[in-house]
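What follows is subunit A paired twice: with subunit B in the first complex and subunit C in the second.
So, the complex of A and B:
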C-alpha cells in the first residue's frame, strides 16, 4: 500500500519538472565532482607509487656511507589517498601528501592537493559530500514544498484528508517519496560507482565496503531527517509562501550559518597555537646544537648507560651522542607536536559535538570520519610515518654504535644494511579504530532523525485541511 | 443503526455561533439535502462530521462510531466530495483515483478505476489524461469516482453541483440515486434548491447555524420549496 503511494508521489515529483530537474542537476554535479576527485586521486596515487619505488631504489642504492649520514640521506614517505576520498576528501586537500623522513626532525608534510585544485573544486563544488550536505537541504526542501505546500495551496490536501484512513499515510508517503528520490539520486549512484571504481582499482576490501555503507547510511539518514523537516514545515506553515520562506531560512541556518558559527566557536573555545610557536618550542626543547653544560650532562648519561668510566671506552661516542639527541627529540616531538595534534583532534571532536546544533554539521563530521579523510586519519598516517622514521634512524644509529670508531674515524655500511630497512607501507586504520569524532557526529545525526521523526508524527496527528 | 446521527451539535468561532443545537439522523440509503445560504453552517457541519472540527457541544455518530472521540475511525466510513475537487495536476485521472483510493485503504486495478470513472460520467478519452487541464465538471467527476472507490456507507457532498453545467449536474444526480440504491446514505450541503428536489428524500434548511425547517422532499413542490426557503431565511 505505502509502496504504491510512494510510487505515485514520485510520479508527481517527476512530472513537476522544476523540483525534479533541480534534483537531477545536483545529482549530476555529485557524480562529476566524484569523477574529478577520484580521477585526480588515482593519478596522484599512481605518481606516489612510482616515486616511492624510485625513492626505495635511491635509498638502497645510496652507496657506502656512515649510517647516520644515511639517516640524513633518508627517504620520502607518501600518503595514499583514503579509499573514500572521492566521496569526501575531508581535510585531504589541505594537508600534505608526503613527508621527508630524516634524522633529528619530524618534518611538516609537503604538497597539498588544494594547490592543484580543479576548476570544479575552485568554484566550490568540492565533493559529493560537500554538495549533499550543503545543497542537499535546499533540494530536499524544494521537493517537500512541491509535494506538500503546493498541495495545501491547491486544496488537494482537503480531498486527501477526506479520503485517508489516517493522515500519517499521507505524511509518511510524502516523506518517503522525498527521501527515496533524494537518496536514490544523490547518494546511491555515487556510492555504487565509488565501490565499482574501488573494485576495479583493487582496493575493495571489507573495511572499504563497510565504510561506504556507513557513509551512504549517514548521507541517507541526513536526507531522511531533512525530508521529515521539510514535510513538517510545509504542513505547519500557514501558506505556501510562508512554507517556502521558512524552508529557505532553515537551509541558510543549517547549511550556511551554523557551520560557520560552530567553526568560530571551536576556534574561540579551543584555539590552536600558531605553527611559528610550535617550531619555536621544538627548537628550544630539541636544539640542533647543545650547550657545553648540556653536553657535559649528556656525556655523563652516556657513561652511565654504557656502564663505563671513560669516554674513550664508549665504542662510538659520536653515534652514541647522536642517538641520545635523537631519542631526546622523540620525547620533545611527542610532547610538543603530540599536544598540538591533540588540540586539533579536540577541535574536530567539539565541532562534531556541535552537530547537535545543526544536522549539516553532524553530516559533515560523520562523512569525513567514515570516509577516512578527517584529521584523526591524517594523524594516523603522521604517527605511522614518524614511527617508521624513528625505527630507521634508530637502526642506523644502532649500527653505528655497534662499531668502534673514535675521533674522525667513521664506521660505514652499505646496501646490506639499507635493504634491511623495510619499505614504508601504509594502511589506513579500520573503521571504528578512530571513533572519537564519528561517535558524537553519528549521535547528533540520530538525535536529529529522532527530532524530525517526532515532528512529523506530531504534525500528522494534528493535520487539518 | 442510522448511518449518521447528530445530537444537539453546536460550535462557535471566537464567540460567534456557527452551528447551534443541530440534530439530524440519516438512515442507510437516505439522501438528505442540507440547504442554506453561504455562511449558514453547512460546510462547518460537514467539517465536524469529518472530524476536521470538534464541536463544542453535542455528539456525532457515524455508523455507530463516536466521530468526536474517534474521528479517524469515523472518517474511514465516510466518503467526502468537497465543493471544489482539486486533483494532483501531474497525475492522470486513473492515477489520481488510484492515489486517493490507496489513501482510503483500497487498492484498485486499472479496469476498476476505468469503470468507476465511467460510472461517475468521465468520458473515456480523459481517463489517461493529466488532470491539469480538467474543467471543474471533470474534476468533480473524478472526485465522485474517488468517493465511490472508498465504498463508504456515508457520502458527504459539499455543494456538489456548484459550477457544473446541466449535463454534469444531471450525471451527478444519477450517481447519488445509484448510491442511494446501494443503501449508501448521502448528506449533501447545497443551495441548489431545484436539483435537490430530484434526488433528496429529506430536506433541511439551515439558517445562521440552526436547522429551521425539515421536510420530506416528496411532500413539497419546487415552487413551495423556494417560497419556504426564502421565508425561512427572511425570518
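So, the complex of A and C:
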C-alpha cells in the first residue's frame, strides 16, 4: 500500500517541473563538484607520491656528511588526500599539504590549496557535502511544499484525507517520496561514484567502505529530517504562503545564517591565540639558534647529566648540546603548539555541539569527521609527521654523540645510516578513532531526526479532512 | 474613467507596506545580520591588529637584546667568557646578517576593513623578512580554524550579498502575490489601473522603506563595529551606493518574474533558482571552468624543484662562489678565499643564484595568480554577487590585489635590506682573516647592530581604491536599469486567467 502511495507521490513530484528540475540541477552540481575535487585530488596525490619518492632518494643519496647536517636536510612529508575528500574535503583546502621535517623546528604545514585563491575560486568552491547541507534544505522544502501545501491549497489534500483509512499513511508516503527523491538523487549516485573511483584508484578498503556508508547514512538522515520538517511545516501552516515563507525562513536560518553565526560564536567564546604569538613563543622558549649564555648553561647541564667534570670527557660536545636543545624543544612544542591545537579541537567540539541549534551544523560536522577531512584528522597527520621528525633527528644526534669529535675531529656518516631511517609513510586512522570532537554533532543529528519524526507523527495524528 | 495617478498609488502602497509586520521583521533580521557581520569582521581585524602590535614589540625586544649582547661582547676574553661563535655574535657582520637581521613587514587594516573579511582570514598580515629567505619570505600564514575558513566568515559583505537579496525577494514575493493567492487579482484587474502601475507602485513602496532602512542599518552596523565613519566616509558612501544599486538590480530581477503575476510559491521558487544560480551555480561553474583551462602550477612540484635546485647549488657551490667573487672587481684579488667563506657569507652569493634558478617557476605561480585575479575581476561583471564581494573587499582593503602589493613590497624591502647588509658582509672577504686568538669576546667587525629601515606599506590612496570600484558600480547600475526595464516591459497586461 505505502509503496504504491510513494510511487504516486513521486509521479506527482516529477510532474512539478519547477521542484523536480531544481532537484536535478542540484544533483548535477553535486556530481560536477565531486568530479572537480576528486580529479584535483587524484592529480595532487600522484604529484605527492612522485615527489615523496624523490625525497626518499635524495635522503638516502645525500652523500657523506655530518649527521646533524643530514637532520637539517631531512625530508619533506606530504599529506595524502583523505579517501572521501571528493565527497567532503572539509578543512583540506585550508590546511597545508606539505611539511619540512628539519631539525630544531616543528614547521608549519605549507601550501594550502586555497592560499592564493581568487574570490571566484573561493566563492566557487563547493563540495558535494556543502551543496547537500547548504542547498539540500531549499530543494527538500520545495519538494515538500509541492506535495503538501499546494495539495491543501487546491483542496485535493482534504479529499485524500477523507478517503484514507490512515491519514498517517498519506503523510508518511509524502515524506518518504520527498526523502527518497532527494537521497536517491543527491546522495546515492555520488556515494556510488565515489566508491567506484576509489576502487579504480586502488583505495577501496573496509574502512573506506564503512566511511562511505556512514557518510551516506548521515546525509540521508539529514535529508530525512528535512523532509519531515518540510512536510510538517507545510501541514501545520495556515496557508501555502505561510508554509512557503516559513520553510524559506527555516532554510535561511538553518543552512545559511546559523552555521556561520555558530562559527563566529565559537571564535568569540573560545578564541584562538594568534599563530604569530605561538610561533614567537616557540622561538623564545626553544630557539633554533641560542645565545652564548645559553651555551654555558647547556654545558653545565651536560656535565651534570654525563657525570663528568671536564667538557673534554664528553665524546661529542656539539652533538650532545644539539641533542639537549632538541629534546628541550620537543617539550616546548608539545606544550605550546599542542595546547594551541587542543584549542582548535575544542573550538570544533563546541561547533559540533551547536549542531543542536541547526541540523545543518550537525550534518556539516558529522560529514567532515566521517570523511576524515576535519581538523582532528589533519592533526593526526601533523603528529605522525612530527613523531617521524623527532625519531629522525634523535637518530642523527645519537649517531653523532656516539662518535668522538673534539677540536678538529669531525664525525660524518653516509647512506648506511641514512637508509636505516624508515621511509615516511602515512595511513589515516580508522573510522571512529578521531571522532570524539564530532560526537556532539552525531548526537545532534539523531536528536533532530527524532524531533522531526515526532513532529511529523504528531501532526499527522491530528490531521482531519 | 481615468485611473489613479502613480503618485497616489505609491502613497497608498507605501502606507500599507509600512504597516506590515513582515516588512519590519525582515528589515530587523537584515539589520541584525549587518551588525553581526560588521562586528564579526571587526573582531577578527582587531585580533590581527593586536598580533601585529605584539610582533612589533617582539621585534623591538629582539633588536634591543642583540644590541645589549653586542655591547657585552666588547668585553675581553676571560676564562669564564670565551670568544663567541659567529652565529651567536651580533658584532660579527656575517653572523649578524644571517641570525640577527629579522624584520617584520606588516600590513595594517584600513579604517573601513569591517566592510568585508576578503582575504584577511586567509593571507598573512605579517611577513618575517630575513636576508636569505628566497624571494622575500616563506609561504607562511596566520592560522585560522580551517573549519571556519571552509564555512566562510559571516561578514558584512556576506550579509549584503547573500542575505539582503533573500530578504528583499521574500518581501517582493509575499507582498506582490497577495492578491493572486487570495483570488483577488480579478478584482484589482477590474479597476482602472494597469498592472505596470500597480506592481510598480507596490515594488517602489517596498523599496522606499527598504532602501533607507538598509543604508541606515549598514551605517549603524559599521558604527557599532568601531569604524570611524568620518575617516572612511568615501569608501562607506560607495559601499552604501553599491548596496542600493544591488537592491535595485534584484528589484529588476523580481519585477521580471512578477510580471507574470505568479502565486507566492511560483515566485519564490523562481527567485530561489535565480538566487542560487547567481550565488553558487555560476561561481561554481566559472571556478571549475577556469580550473580546467588554467590549472594552478603544482605546489608539490615547486617543493621538488626547490630541493633539486638546492642540491645542485650545493654540488656546484665552490664553482658558483668562485665565479661570483671573480665577477666582482673589488673581490677578484681575493678569489682564493671563495671556497673558505663562512656559511652566512656564502649565502649572500648562493641565495641570489638559487632565486635565479627558481625564478621561472616562481613567475609561473605569480602569473597564474595574476591571471586568476584578472578572471575573477571580469567574472565579477558577469556575476553581480561576485562583483559586489570583490568591490566590498577592495573598499575594505582586504582584497587580493592589496595583499599582492604588500607581498611585492615586502620582497622589495628584503632586497633593500640586502643592499645595505650584503656589501658589508662581502667586504669582509677583502679583510685579513680574523686571528684565532681573539682578545675580545665578539669579533667586532660590526661595531653595533645596524639601524635598518623599517617596512612601511605604501598603500593606494582611498580615491584610487574607490575609482577601481566605480566601473563595476556603473555596470551594476546599467544591469539594474536593464532588469527593471525588462520587468516593466513584461508587465503589460493582467494575467487573471491561469
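As a working rule, the second predicted complex is superposed on the first by the 446 of 465 C-alpha atoms of A that agree within 3 Å, B and C clash if a C-alpha of one lies under 4 Å from a C-alpha of the other, contacts with A are read in each partner's own complex, and residues count from 1 in each chain.
What we mean here is this: contacts are C-beta pairs under 8 Å (C-beta built on N, C-alpha and C of every residue); 3 or more make two chains touch, one makes a residue touch a chain.
Remember, it's a predicted structure, so these values are computed and weren't measured experimentally.
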item	value
Touched partner set for A:135, first subunit B, second subunit C, both or neither	second
Subunit B versus subunit C as contact partner of A:5, first or second or both or neither	first
Partner chain in contact with A:447 - subunit B first, subunit C second, else both or neither	neither
Which partner reaches more residues of subunit A (counting touched residues only), subunit B or subunit C	C
Touching partner for A:274 - first (subunit B), second (subunit C), both, neither	second
First, second, both or neither for A:356, with subunit B first and subunit C second	neither
First, second, both or neither for A:426, with subunit B first and subunit C second	neither
List of subunit A residues in touch with subunit C within their complex	18-19, 22, 25, 29, 32-33, 36, 40, 43-44, 47-48, 50-51, 54-55, 58, 76, 78, 89-91, 93-95, 97-98, 108, 110-126, 130-131, 134-135, 138, 142, 145, 149-150, 239-241, 244-245, 248, 252, 256-257, 259-261, 263-264, 266-268, 271-272, 274-278, 280, 289-292, 295, 340, 344, 347-348, 351, 364, 368, 374-375, 378
Residues of subunit B touching subunit A in the complex	50, 52, 72, 75-76, 78-82, 84-91, 95, 98-105, 107, 130, 143, 146, 150, 156
List of subunit A residues in touch with subunit B within their complex	1, 4-5, 8, 11-12, 14-16, 151, 154-156, 158-167, 169-170, 464-465
Subunit A-facing residues of subunit C, complex	22, 33, 36, 40, 43-44, 47-48, 50-51, 54-55, 58, 69, 73, 84-85, 87-89, 99, 118, 122-123, 126, 138-154, 158, 162-163, 166, 170, 174, 177-178, 181, 263-266, 268-270, 272-273, 276, 279-281, 283-288, 290-291, 298-304, 307-308, 311, 365, 369, 372-373, 375-376, 379-380, 385-386, 389-390, 393, 400, 441
